[in-house]
């Protein structure tokens, strides 16, 4: 019998070695696997290369991993945020290396790794400083840059629900990089709010089939819903986000439509 | 000064040019204001590169959902007809030319349509590009929405960009607080003048030999 | 207001010119847009280049299009079937050209067209006759072939349900090539069993977002469910498939889960 | 003749080697019989390249669903835990090395693991490749399941394939009606002999200098 669920977060991140390349899902805080990152910090690995869209904000998750000095290099598109003080400090002090990749190339390079594509030509970044020293090629009158896959030892992502085969569904824009990162690592670990029985997920709506998933751990409703320790960003006026209303929280975690 | 459009008025002006049914990406920052000024009854489908089509306005306070954010990581809502997808699909949508329009901010736009909007090249700055380079080449039209001048009084419309480029020859139109410019094979052409602004003033401010589109003469 | 639904099949295929390149969804008969193909035959276009996984079976759909002499060239992975007599005859008589593409390269080349990838390196077909004359490249010790996008003027596909924005969901393995073909043509036309109100499709489960779709036409329950004119293939023993039971047909078309 | 495994027995023999939890693609034709012989209680997840994981056995007569077919276009069923996806995702899954095992038929397998199974090169044949070339390189292990000899009595195990290749050096093991062979750096090694078949007989039938795996000696 296949059962990819593990008992706790410690087991979920077991075996991540010093120097490992770790993909971390999330776009800002949406979809960031904060509980897995906390477990990774507890497990003690260091000298990590992190592949993620951002480099953490505030004092938790990726930001905390960097603050703890565990990260040697970040591969991302957008490290700079109003609250990326931990990354900023480490970068300015020369304590970590940054590889900047345009967001779409980052996504496509991760997908290429998972899909067995050797390399591909992208039109993004042609004529910019990020094109310097790269292979250029003209195809049908347009110039492209050669882009190579980005692989990882481990992927850490956050989903809404999973079953014991490792099938995963996500919630709204928390999906972002998770489905492609799941395909690009030797070991893919998923935290979900809830593990459901096999067959409970609609086969037409499964976003990440279990073939890409090695370990699943349930973390309960995420922190911002569970205990009021809401950590969201700012609204359109730049004001801090309020925690969701109790009704919304209930609707969203009660096994409703999504 | 009163002849210049303020940010909201400019957003309204840009919004008026977006046709019903268009698929539009508003990037981050000021251009996202355009969403608030779309003509009532018009259906414009907003794309946010973090994986959504059919993005709605900011939620009421207390209805914020941290799993539902736009590219600027601000809270948004979901309209009926919305769809979610992952990042590779989202940027494939963009890179594949399926969006009708991207509206972006800019540090500089050259008369050949080159865009500089991701870095001022300051040596001590932490570089961050995000989706800027993908957006710059990722729509049938790329409009820039910006003040004509920097805070220091320099023209953002230039012969050649001095800042690091985001994309080559990608901008098709520039909406500024003083005028609207099309990027044409002959350089910038003024499409519309706001308030009492004149072509000569614009030539002086930009140092560029601007032309006037026939359309503009009519509309005055 | 956006309304991509069109009144009838004639309108759905309007404007397809002689010599057009037309992508046609389906894997065998699963997902083949038979009603749209019939309408295309009625509309009269000829000298077509067809991009599809197969080249038709039996006497209907793609097979009929070929039988009617409308096809100049077929780009596909597997034209030969036990019942591909119309293709076989036209091919042997030299009346149409065949471009054979391995199935995975066919799919990835179609995706590349939709995703703005200039070209990509695939490991498939290296060392085979289909690699002859192609650009080879060694990447990280493995040999790859350069593959270019396949684009079309028009894509014809079949879905289960759509809304007026053109969002589409599919049914089981009838999904196959449709979602990628929808992205790779200037005009994408979708036939569905049923058009549903905007908002009726789960945003997490939409497979083809409306941005890729230009026209949607409702054809009712498909023929094999609607009027008993079932046209399916053979079972594991090679026996012709029986038409589905009435109960199954009801369950599948009554707006049930899928 | 009775010492040779028939097709069902061979399928059962292959099935016995598939570990619980494996992701397996059975191609089309004879290898699909393996599905009927998986050990009871073992969960093996079948992939079909036309867009499904968790494929179940053929449906009962009258329960056929033409929207639910395998790569051979035959009716199948859906197991709890199944998932559907499109063709690019399906072949990405394969090409990306996520499948544990593909089981394929063959016209010829060379001692370096080259596979020929899509074309006999007959000049009048209509070429058709389907997913054969993608499958050949698309799994951690590629097993071939075939009779050792053609109907004309020629060995399908060869020094070098004379038929057009499907993939280079991709086959890792060959299950035949007379023996099981591993592809090793030293060529074919006999892993298991069926019935009274001997190594010498196999050498004679194939014309190859076969070695015997230590495992085989033990198991006799």
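Labels A, B, C and D are assigned to the chains in the order they are written; within every chain, residues are numbered from 1.
Heads up, the rule we're going with is that a residue touches a chain if its C-beta (ideal position, glycine included) is under 8 Å from a C-beta of that chain, and two chains touch if they have at least 3 such contacts.
Just so it is clear, the model here is predicted, and its values are computed rather than measured.
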**Prompt:** Can you list every chain that touches subunit B and also touches subunit D?
**Reply:** A, C
**Message:** If I average the CA coordinates per chain, which chain comes out farthest from subunit D?
**Reply:** B
**Item:** A-B compared against B-C, more contacting pairs
**Value:** A-B
**Message:** Taking the mean of the CA coordinates per chain, how far is subunit A from subunit B in Å?
**Reply:** 28
**Message:** Nearest whole angstrom, what separates the Cα centre of subunit A from the Cα centre of subunit C?
**Reply:** 34
**Fill in**
Per the C-alpha means, the centres of subunit A and subunit D lie apart by a whole-Å value of 37
**Prompt:** Listing for subunit B: what residues touch at least two other chains?
**Reply:** 78, 84-85, 88, 91-92, 94-95, 138
**Multi-partner residues of subunit C (each touching 2 or more other chains)** = 108, 111, 115-117, 122-123, 170-172, 203-204, 207
**Item:** Complex contact set, residues of subunit B against subunit A
**Value:** 32, 48-52, 58, 61-70, 73-75, 78, 84-88, 90-92, 94-95, 114, 119, 126-134, 137-138, 164-168
**Asked** Quick one: in the complex, what on subunit A touches subunit D?
**Response** 1-2, 111, 113-117, 163-165, 167, 183, 198-199, 203-204, 206, 209-212
**Residues on subunit A engaged by subunit B in the complex (per definition of touch)** = 27-31, 53, 77-81, 87-88, 91-92, 98, 100-108, 110-111, 122-130, 170-180, 207, 224, 230-236, 241-245, 248, 252
**Message:** For the complex, give me every residue of subunit A touching subunit C.
**Reply:** 108, 112, 115-123, 137, 139-140, 142, 144, 148, 169-172, 202-205, 207, 257-258
**Item:** Residues of subunit B that touch subunit C when the two form their complex
**Value:** 20-21, 23, 41, 43, 45, 47, 53-54, 78, 80-85, 88, 91-99, 138
